[in-house]
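Consider the two complexes below, in which chain A is the common component and chain B and chain C are the respective partners.
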Partner chain A sequence: MSALVRYLPLLLLAAAWELAARLGLVSTLALPPLSDVVAAWVDMIRSGELIGNGASSLWRAGVGLLLAIAVGAALGIAMAWWRPVNALLGPLVEMFYPMPKSALIPVTVLWLGFGDGSKVLLIFLGCMLPVTIGAFNGARGSDQALVWSARSMGASRLRMLWDVVVPSALPEMLNGIRTALALSFILLVSSELIVAREGLGYLIGFLGANGTYDAMFAVVLTVAFVGFAADRAYQALVQRVLLWRE
Partner chain B sequence: MHRSSGRATATAGEALGGWLGAIAWGMVRALPILALALGWELLARSGAVTPFMLPALSVVLERIWTDAVSGDLLLNTAVTLYRAMAGFLIAASAGIVLGMAMSRNVAVRWLFDPVISVGFPMPKIAFLPVVMLWLGVYDVSKIAMVVLDAIFPVVTATIAGIQGVDRHLLWSARNMGASERDLLWQIMLPAALPQIMTGLQVALPIALIVAVVAEMLMGGYGLGGAMVHASRFADSRGVFAGIVEIAIVGYVIVKAMALVRRRLLIWHQEALAPSTV
Partner chain C sequence: MQLRDSLAGGSQIVVECVNHLYRPPSGRPVLALEDVSLEVRPREFLALLGPSGCGKSTLLYLIGGFLPIETGKILLEGQPIAGPGPDRGIVFQHFALFPWKSVRANVLYGLERMGLPREERERRAQGFIDLVGLTGFEDSYPSQLSGGMKQRTAIARTLAIDPKILLMDEPFGALDAQTRHLMQSELLAIWRRSPKTVIFVTHDVQEAVYLADRVAVMSARPGRIKTIVDIRLDKSDPGIAKTKAYIDTVDAVWNLVRDEAIKAQEARA
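Our next item is the complex of A and B:
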């Protein structure tokens, strides 16, 4: 019940959309009625168009993001743990972090063509630095007393890294990964819109160019919903992972 | 006379020492960047990669110089910055107003809360074709896209900031006879400013990313448009010149924003802490 009251504005918005289109307040070309959009969505699920393109999009985002997390976390922790690594990589991270990652789209296409490779590379490069910075800040802020007591109890340097530094870096690193997750969707969709032969972004561009706007709206809403659901699922996962913290 | 001039040289010497130290430190920090630039140049010249895949840095810099002399660089940078900053400023002011309204008024909060909480994690860039359909391919739709993407972090940061305002501040202000209006402008807004600034610092790079993507998709002038144009004609020098230009613009505006934060929050204790990234 309280959920209903809470999300009522969204239902009202949906109703307003349907009415505005049905009553001819706006051109159905600019805004097809919601019911048509839903019908187009069901059609595309049946024909497998949405599922096939969705799978190839999620594969690209997933691989790119996993690579970014693995390399980014390792770099960030190494930077916090070994001074020379920080001296070497710190200035580079600082220089590349504010760079608008979308600038890399044409280059990755130049290097790897129109297929999966260029998207994976783009997402990997674009999502790595938020994870690196999160891991770096988290590991640098690890409690010095914990490090000392681990050392006094005779933990080896590597053991300390794994048992003390990594867990204390985790919360900030997980925050960085959340930023990276949102970024991966932005980069995925924009690169697929600009150059691709399959994927959800490509489907949006293709349907828009064809003028089948009800189907285009259906894919746009699907992408928006997948992005939203991924973020919620990630937050639920983070809460499980961080249960040991008080 | 003699003694005082001696002291003057001593302080001048110290200042010079500090200055030299700063320069030395800056040079040490610049080393990895120089190494990267050198590595780029050598790799491109070694013949291991084709000039199409990776044109030499010197060639790319030459291209940037040609663009700069012909005035294209200035025009494209100005157009991109105009779109990104216009969108950012609209998103910032509308976002702060909406965030304040949502934290002050239950009805406004009820209406917008689900829209914000559902809309924030969505990849708004997917709506770009819809915005194109409605608003065309010129400045209005690009700026609208920037606003749509940049407003969410500002709204959530404003709400979080106002919620976090120390109750005692509000109570004592009210006790001293502050009106509701004074309360908002004199107490809540300044106290929430650090978090609002953080929201703006998140929104600013987003604004630039979206402006570049929108230009890439819709073409025309602008750094993103120029890059996509270059890539269509397999002009890899133009593509790499675009990357360097966009990276510099991004770096400058992010650093400028950090500077603005330090100026605005000079009264806040965070200004004393050493700044990171």
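Our next item is the complex of A and C:
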């Protein structure tokens, strides 16, 4: 019930969309009726078009994001804990962080071609720094007394890093990963729109160029929904991981 | 002379002519400890008493091996201290529990590092959880506990690894008055049952006199050991706080500390 109330604005928007198109308030070329879009979506699911391209996109985003999380977290914690690493990488991180990563699309294509490789590399590069910065700030904030407690109970330096610094960094790192998750979708779709032979972004561009706008809208909505669902699932996961915080 | 005493087994810890410069992230370095020498006997309860900023915690951290010793030396059973170790357990003012671990997992942490078999670990952890009166809270997280319960957990966690020396850094400073009194008498009871060397940092004169065999009074800025007072009181007397001997001792120690407290306050103003 509360979910219904919560998503009521969405239902209203859907109804307004359908009515506006059906009553001729907007051109159906600019905005096909929602019911047509849904029908096109069902067709594309049946034909396997959506699933095949969707799987390809999710694979690229997933691999790129996982690499970004693994490397980004390790970098952030290393920078927080070893001064030379920070001296070496800190300026680079500062320089590349504000850069719009979509500018790298042609570069990654130049390096790795039109396939999965260039998308994975782009997502990896684009999503790594928010994770790095989250892990860095979190690790920096590790409580000195916790570090000392672990050491005085016999933990080696490395063991302490894993047992104290990593969990201390976790809350901020998980925030960084949420940003990275959103970024991964942006980079995925924009890179597939520009240069790709499969994937949801490619499908949007292809259907748009063909003039099959109801199908194009169906893919756009799919991307929006997948992004939303991924964020929700991620937040639920974070809540479970951080259960110890009150 | 000092060295011979320690070799003869008279002292467990020997602090000799230690200076320590505190370097704040910004601003000028401050001499936190100047020419501090101190001997700690095996199984004695020694209080380091002084106003805030007198370097008493710094001295404790040096003995713990958490801070580098710059000048002078600190020997533990004849060996220079090189880093922290499980022979010196520490309890901090703000508990320093692992917030992502339950009470049980916190107490188990040191036992896991010792590599004890699982059953032995569980048994020992439970024993110390029971000892500090936290039976039934094994699965609680620190955020769900009161201040007193957090500090009990921290004490159980430190006692579980059976350190030879217990370093306590104003352990009851963050607790309310009632809890503090309760914890003080419980600590004494635990200590009497299995005496270990305790170095207890506090700025509370009554606490120092109530708990310690000897009270090292420290002066502020730079921190030095001003004098060491032997406390000759019958600690097994539950009504000790009302005896004349206790009140007189508190008074005498307070007189020693007062000048330093005033000086410390002026320095801060």
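Going forward, the second predicted complex is superposed on the first by the 246 of 246 C-alpha atoms of A that agree within 3 Å, B and C clash if a C-alpha of one lies under 4 Å from a C-alpha of the other, contacts with A are read in each partner's own complex, and residues count from 1 in each chain.
Everything below uses one rule, namely that a residue touches a chain if its C-beta (ideal position, glycine included) is under 8 Å from a C-beta of that chain, and two chains touch if they have at least 3 such contacts.
Just so it is clear, the model here is predicted, and its values are computed rather than measured.
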Of the two partners chain B and chain C, which one touches more residues belonging to chain A? B
A:193 in the overlay: touching chain B, chain C, both, or neither? Say first, second, both or neither. first
Now for A:149: first (chain B), second (chain C), both, or neither, which partner does it touch? second
Tell me the contact category for A:83 with respect to chain B and chain C: first, second, both or neither. neither
Identify the partner contact of A:106: answer first if only chain B is touched, second if only chain C is, both if each is, neither if none is. first
Touch check for A:94: first (chain B), second (chain C), both, or neither? first
Is A:244 touching anything from chain B or chain C once the two structures are fitted on A? First, second, both or neither. second
Could you look at A:159 and tell me whether it touches chain B, chain C, both or neither (first, second, both, neither)? second
Considering each complex separately, which residues of chain A are in contact with chain B in the first and with chain C in the second? none
Can you list the chain A residues touching chain C in their complex? 143, 145-146, 148-155, 159, 163-164, 167, 170, 243-246
Okay, in this complex, where on chain B does chain A touch? 28-33, 36, 52-53, 110-115, 118, 121-130, 132-134, 205, 208-210, 212-213, 216-217, 223-224, 227-228, 230-231, 236, 239-240, 242-243, 246-247, 249-251, 253-255, 276-277
Chain B contact footprint on chain A (complex, rising order): 5-10, 13, 30, 87-107, 109-111, 133, 137, 182, 185-186, 188-190, 193-194, 200-201, 204-205, 208, 213, 216-217, 219-220, 223-225, 227-228, 230-232
Which of the residues in chain C end up touching chain A in this complex? 61, 64-66, 83-86, 88-90, 92, 94, 96, 98-101, 109-110, 113-114, 141-144, 157-158, 161
